[in-house]
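Below you will find the structure I want to go over with you.
Order of writing sets the chain letters: A, B and C. Residues in each chain are counted from 1.
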Amino acid sequence: MTGSVWDQHTVTLPAYRRGLHDITTAVDGVVSGSEVTTGLCHVFVQHTSASLLIQENADPDVLRDLGDWFARVVPDGDPRYRHSAEGPDDMSAHIRSALTQTSLTLPIARGHLALGTWQGLYLFEHRTSPHRRRLVITTMGVAQSSTAGAT
Amino acid sequence: MTGSVWDQHTVTLPAYRRGLHDITTAVDGVVSGSEVTTGLCHVFVQHTSASLLIQENADPDVLRDLGDWFARVVPDGDPRYRHSAEGPDDMSAHIRSALTQTSLTLPIARGHLALGTWQGLYLFEHRTSPHRRRLVITTMGVAQSSTAGAT
Amino acid sequence: MTGSVWDQHTVTLPAYRRGLHDITTAVDGVVSGSEVTTGLCHVFVQHTSASLLIQENADPDVLRDLGDWFARVVPDGDPRYRHSAEGPDDMSAHIRSALTQTSLTLPIARGHLALGTWQGLYLFEHRTSPHRRRLVITTMGVAQSSTAGAT
C-alpha cells in the first residue's frame, strides 16, 4: 500500500484526579475521524507528571493494585527528595512518569485502534489534585481511497 | 526521500514460558519481506501480561538477572494484590508489563532493523504457563524504487 | 495532508558521564534541518546501557532525585547479579535501561519538536565511565511545500 495521510490534533482532557483514566474512546474517536484506515496513531502527553499506559480494561482492581504498587515503590514525600516545590506528590510524579510512557504508538487497522480484547489506553495522572492534560495525537497511514486506488 | 510504503501483519508467536525470548529474527524477517528500505518498524503486543524489550543479546545471564530483579521488586502472590483471578502471577504480570513496553518502534535502514551490535528484540512473557502472543507489526518508509527515483 | 518526506541520520553524542543529559537542542536541530513541518521524530539509542527519557527541564534537582531513586531501587554491585563482566555498574545499567526507553517518538509541529513547556529530552547514561552513544534519528511527515500544495 502506498501514499500517506497525516493528521495532527491537540486534545485537552478533563481534569482527572490521581490514578488511571480510560481514554481509549477519546483517542479512537480521533482515529475514526481521520481518513487513515491502515497505519499508526501516536499519542503524546505534554507533561512530566502524568503519563500514558496500556493496561487491562476488565477488572478495576488491576488499576488499583497498580496504583498501590507505585505508592509503595515510588512513595510520596520521601525525605530524600530534594525537589518538593509543589508538594509531597511532586517528585514521586516525575519518577512514576519516567517508569511509564510519555508517548505511545498504536496500530490502526480498518480505521480503528487495533488493540487486543483486554487492552485499554489510559492517562495515568500522578498528581493528587486534578490537572487538565494536553495530548498531541498524530495519525498517519494509508487512506481508504489510496487502498482502493492501489487495487 | 519522498513517498511511503505501508505494510501491516499480524504474527502469532509460539507459546513461550516466563522470561525473555529473542524475536529479532522473526521481526526482521517481516521487515526484509516488506519493500521498505529506510523507515520504521512498529511492533505492538496485543496483551497486558506480556511485553516487549530491547536488551543485551550476548550474555544470557543478563536476561536471568533481569528476570530476578522483577521477581524481587514486583513479586508474585503479594497478599496486598486484590486482583488474583488467574493465580499468583496474574497481577505481577500486569505490573511488569506496565514497567516495560507494549509497543516498540525501531529504525529500518538498508531494508533491515538498524539495531546496535549488542541489541536484541525480546518478547517478555510474564505468565508462568506458556501463552501464545499476538503481535501487530507495521512497517512504513521509503521503498528502494522510490529512493532510486529520487536520485 | 498527504505526501510524506523521510529523513534518517546517525548522530554520535559526546561522551557523557552517568546521569541525565539534555539532548533536546541537538535533536531539534535535526528536525528543523529536515523538510518536515508536521509529523514525527523517532529517536533510537543503539545501546543497552544508556536510554532515553522525557523529563522536567526546569529544576536540576529533579534529575538528581531521579538518579538517586534508580541508585536505591536498581543498585550497583548487587551480589545477586550474575552478570558483572564490565564492573558493578554493568547489570544495573541494563536494568535501568529496561525500565526507561530505548526509543522515543515525538510529535513535530511547525517544523520543531512539539514538547510541553517543561519537557526536555534526555540521554540517560547508566555507566559510570563516560561513553559515546550513537542515536538513529528518523523524521517523517508532511513538508511545507506539500501542505501549501494541499491548501
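Quick note on the criterion: contacts are C-beta pairs under 8 Å (C-beta built on N, C-alpha and C of every residue); 3 or more make two chains touch, one makes a residue touch a chain.
Computed from a predicted structure; not experimentally measured.
Two copies of one sequence, chain A and chain C, touch each other mainly through non-matching residues, since under half of the numbers at the interface are common to both. A rotation of 120 degrees, rounded to a multiple of 5, brings the CA atoms of chain A into register with those of chain B. Between chain A and chain C the centroid-to-centroid distance comes to 19 Å (mean Cα coordinates, whole Å). Contact of a single residue of chain A with at least two other chains is seen at positions 3-4, 73, 99, 101, 105, 140. Residue ranges on chain B touching chain C, taken from their complex, read 1-4, 38-40, 53-56, 59, 61-62, 64-66, 68-69, 73, 99-101, 104-107, 109, 114-119, 140-142.
Taken together, the chain A residues at the contact with chain C in this complex read 3-8, 42, 44-48, 73-74, 80-83, 85, 91, 94-95, 97-99, 101-103, 105, 134, 136, 138, 140.
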